[in-house]
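The letters A, B, C and D name the chains in turn, as written, and every chain counts its residues from 1.
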Amino acid sequence: MDRLKVKIGDLELKNPVMTASGTFGYGTEYSDFMDLSRLGGIFVKGTTLEPRQGNDYPRMAETPSGMLNSVGLQNKGVHYFVSDIYPKIKEYDTHIIVNVSGSTIEDYIGCTEALVGLDKIPAIELNISCPNVKEGGMAFGTSCVSAAQVVKAVRKVYDKTLIVKLSPNVTDIAEIALAVEAEGADCVSLVNTFLGMAIDAEKRKPKLSTITGGLSGPCIKPIALRMVWQVYNAVKIPIIGMGGISNWKDAIEFILAGSHAIQVGTYNFINPSVSVEIVDGILNYLDRHNIDSISDLIGKLDY
Amino acid sequence: MKQQLDFIITSNKKLNKQTFLIKVTPKNAEPLPEMLPGQFVQVLVHDSSSIFLRRPLSINYYDKENNEIWLLIQNVGGGTNKITELKVGENLNLLFPLGNTFSMPDKNQTTLLIGGGVGTAPLLFLGKNLSDKGYTPEFLLGGRSALDISQLNDFEKLGLVYITTEDGSMGQKGLVTHHPALKEKQYDKIYTCGPKPMMIAIARYAADNNIDCEASLENHMPCGFGACLCCIENIKERGNICVCTEGPIFNTKELQWID
Amino acid sequence: MDRLKVKIGDLELKNPVMTASGTFGYGTEYSDFMDLSRLGGIFVKGTTLEPRQGNDYPRMAETPSGMLNSVGLQNKGVHYFVSDIYPKIKEYDTHIIVNVSGSTIEDYIGCTEALVGLDKIPAIELNISCPNVKEGGMAFGTSCVSAAQVVKAVRKVYDKTLIVKLSPNVTDIAEIALAVEAEGADCVSLVNTFLGMAIDAEKRKPKLSTITGGLSGPCIKPIALRMVWQVYNAVKIPIIGMGGISNWKDAIEFILAGSHAIQVGTYNFINPSVSVEIVDGILNYLDRHNIDSISDLIGKLDY
Amino acid sequence: MKQQLDFIITSNKKLNKQTFLIKVTPKNAEPLPEMLPGQFVQVLVHDSSSIFLRRPLSINYYDKENNEIWLLIQNVGGGTNKITELKVGENLNLLFPLGNTFSMPDKNQTTLLIGGGVGTAPLLFLGKNLSDKGYTPEFLLGGRSALDISQLNDFEKLGLVYITTEDGSMGQKGLVTHHPALKEKQYDKIYTCGPKPMMIAIARYAADNNIDCEASLENHMPCGFGACLCCIENIKERGNICVCTEGPIFNTKELQWID
């Protein structure tokens, strides 16, 4: 299985297939359906310094080949995570990465500080791109200046692998990637959800309690793939690509576009074992194409 | 333990214009695991441009002998339409069994199971379970007309059945909440599933009469197993919790329905 | 049919349903399939000052609930339009609006000047958002300054109804809409296509000759709808909404979100008579909901 | 005049592992309009998550008596898979007739129709037309093996048929371009449809031997009627033109294939 190994900062992944934050709970939700140890890593739920109730129901609307959500970072706070959840999941035979979210720079710092000491959390993913919270969230990820600020502040208190998750709701995502790279991010992950909206024509009301929400699923794949390719052509740090991945072919496409690793998000809901099927599919692809190692594919788009 | 499994449709019967009874058995004849009344399955709608997410359906009945699950389905939109159009022999991919279950009554408690329309779906399985355990469940089934009363024979095998229809075409004319049984008899426990306004009216009746009452909720469920946090209900004291894992069955006391 | 009338600048539409530039040829392509006079208007092909050959084959890739294209404004130039095409289409009993595209401000001005004298062209749509040309095109539409510049220049030479078509590939589309409104645009139309990409995993090559292309179809609808709603809350001029509309329900959603009128694009390929079916569907909706006039629906989202 | 019409499948026969012959007739028995050999239909794949666009298929045969269109389809991917899975009685929505047609030979000219694999599809209709008009078309059909030679009986009714297969399981062993008929006989006009490398080889043969040659192109076609400008071919002198309206039939002289 060494053929699938990839390295992201100090983080060695047994394979490039991971699961996306907010779509995979804490892993436990999926353990009946699959063998978690076959994953390269698990990005657990968006975690904030203080507990959050999230947004009101309804939080979901189905769309063509995708869905909108406005969960709004519901979670019990980082301290509950450390005391109650971490002990239950730290023995997983895969990497656990916490998605750190917040509304202010202080939130991000506080949350990160609570996590830095945890042995079995080798990396965090800084979520500066959540479209579903009133303050902060996506705003940080839509300007180079504010993105750089958060990363700079968190980098100071975090010496393990720092992944920064970018928002696709921007004119030039490569510019933002360059800004966070300059502040010492070890990796960028992209994309988070696209800000979208759904309306019930008969009731003349928005379908989400928050009016707008985040779009995910296969519908966004072409845009996400383009963004990965643009960022790949701009930065030197590794990229974790995601956005609509639902099978091994999609995963290969993201790797060819320049991703070191990928995350599967929404499609876990449709097929809870899709991520391990993707691991198998990638191996099979390497065999069929006589490729030694997955690293020989990263960014190897022929044009 | 939850699992994802391919089933084969062994029977698909149209019970009325909108309601279908579909029976499925595991494709490779795997024995079905333990399932509990109130639990549900998540059905994959294969390769559709408009239906992206699975659709939740209650386990209507678990037929041990034939290793079959029954699904009672009302065709209300794109997803249920696709599912009910499937033919005998076709595949159905399910995640199951999902969710919690109804709580069992105390010994000697009397129970009434109140279902509206296709909301009777989980009550057949619950009634069978209660009856197997020595209880004598009674049923109160309601619908707009006689056509909405499904599986009457099956229910009658399990206990006394009262019926109301809005147009009076079967049983008492009116809504389930107006059925005389609710006035004349005193039940210890009520289980209900159906349209939300009906369940709220029953929750109110139960509260007024100090009867323990459990209801099955139908929030939208993208995943069905606690991963997406989209199916939440704001529960007294506990805040937003997932209906798919902590429910779909709730004691109506906990819900913010009646105060 | 007066119930469906809407006004955009000086332009009176018999109904709010029009067809999107680049997806409806010059109308003639559809005349076998439907009665063109039932449309509120037809936006003809992107037209440039000089003839353009467009991009190389392949120019198309199918995606989940949508497609990418990189036609690249293939057209015979505005002078050919004036001399050879206009005479054939000017008798249509519907409004013909030309989509004016270009690479430089001079191009836009030249193209506009060639059109301003045509009696039966009551409006132009300034395309500052085409992602498929090397220079100009989308670039104009992704910054307030350059968007304002083009509009200012064209406004000087064009006194009829000036519609400006916005790019969705921006951080804040409302800001761009405000900038073009300030320069005298009579209307904004949105959205153009999203920049996307598709890869053939087996061949390890991009599926488009141009690597990236424009994404359209139902997949983009949730994002387009959100953008219309944001722009509606920012500007005072009317909006023409589009992006993934495939039936009357979608059209009503765009109107509720704040569109005075809508355009149907990609879905014309799937169902060439969908636009007239949408006209019928809207009328039926007004009847069912007891609504006198379509104007009573514009922006009437209840939240 | 082009139209959009609902058809009903009257027959769906699997000719070999990948090739299907589907016959359709208008749902409401509308009489079919005039159609010409080389023209094609755009097939709607209904409600699929992966197939968004219509799929172009040649008119394989126009059966006037039964008011039927025949489609010869090779299952090569998602769309053709969905289409070939359809059952008798199911609907098929078509845009048709689309595209141009083959040009007719001059009086007394000899013609050879060369098809590879499912590329024989438009040649049956063309052959019938030629034969109805008093020509005596000859056919050269190629495939990997005997299984790839479809509708042989139908072709034999229209004229002399030569066959080549790569594995020699039927007719001459080898490629169509190596068939002795091409050396021994001198045709005035060649029509061809099949895999691009085959058509290019034939175009070259025709050029070398000063034979008029027409080929049917299979560019990707999102619309099929000239609206999207995605199906272009770069043609000598004329530049990028739409294959769906100015083709799919081109004189190979015009194509940038061989110089």
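Before moving on, here are some points about what is shown:
To be clear about the criterion, a contact is a pair of C-beta atoms (placed from the backbone, for glycine too) under 8 Å apart; a residue touches a chain by one contact, two chains touch by 3 or more.
All of these numbers come straight from a predicted model, not from anything done at the bench.
With each centre defined as the average position of its C-alpha atoms, the distance from chain A to chain B rounds to 36 Å.
Chain B and chain D have centres, each the mean of its CA atoms, that are 54 Å apart. Mean C-alpha positions place chain B and chain C at a centre distance of 48 Å. Multi-chain contact residues of chain D (touching two or more other chains): 49-50, 52. Residues of chain A found to touch two or more other chains are 63-66, 217-218. Shown here, the protein chains touch around one cycle, each chain meeting exactly two partners.
All chain pairs that touch, listed by label, are A-B, A-C, B-D, C-D. Those residues of chain C lying in contact with chain D across their complex are 22-25, 29-30, 32-33, 53-54, 56-60, 62-67, 69, 71, 74, 217-218, 268-273. Across the complex, chain B meets chain D through its residues 47-50, 52. If you check the complex, the residues on chain A that touch chain C are 61, 63-66, 68, 142-143, 169-172, 194-199, 201, 203-206, 211-212, 215, 217-223, 225-226, 229, 244, 249, 252-253, 256-257, 285, 300-303.
Listing the residues of chain D that touch chain C in their complex gives 1-4, 44, 49-54, 95, 219-220, 222-234, 239-240.
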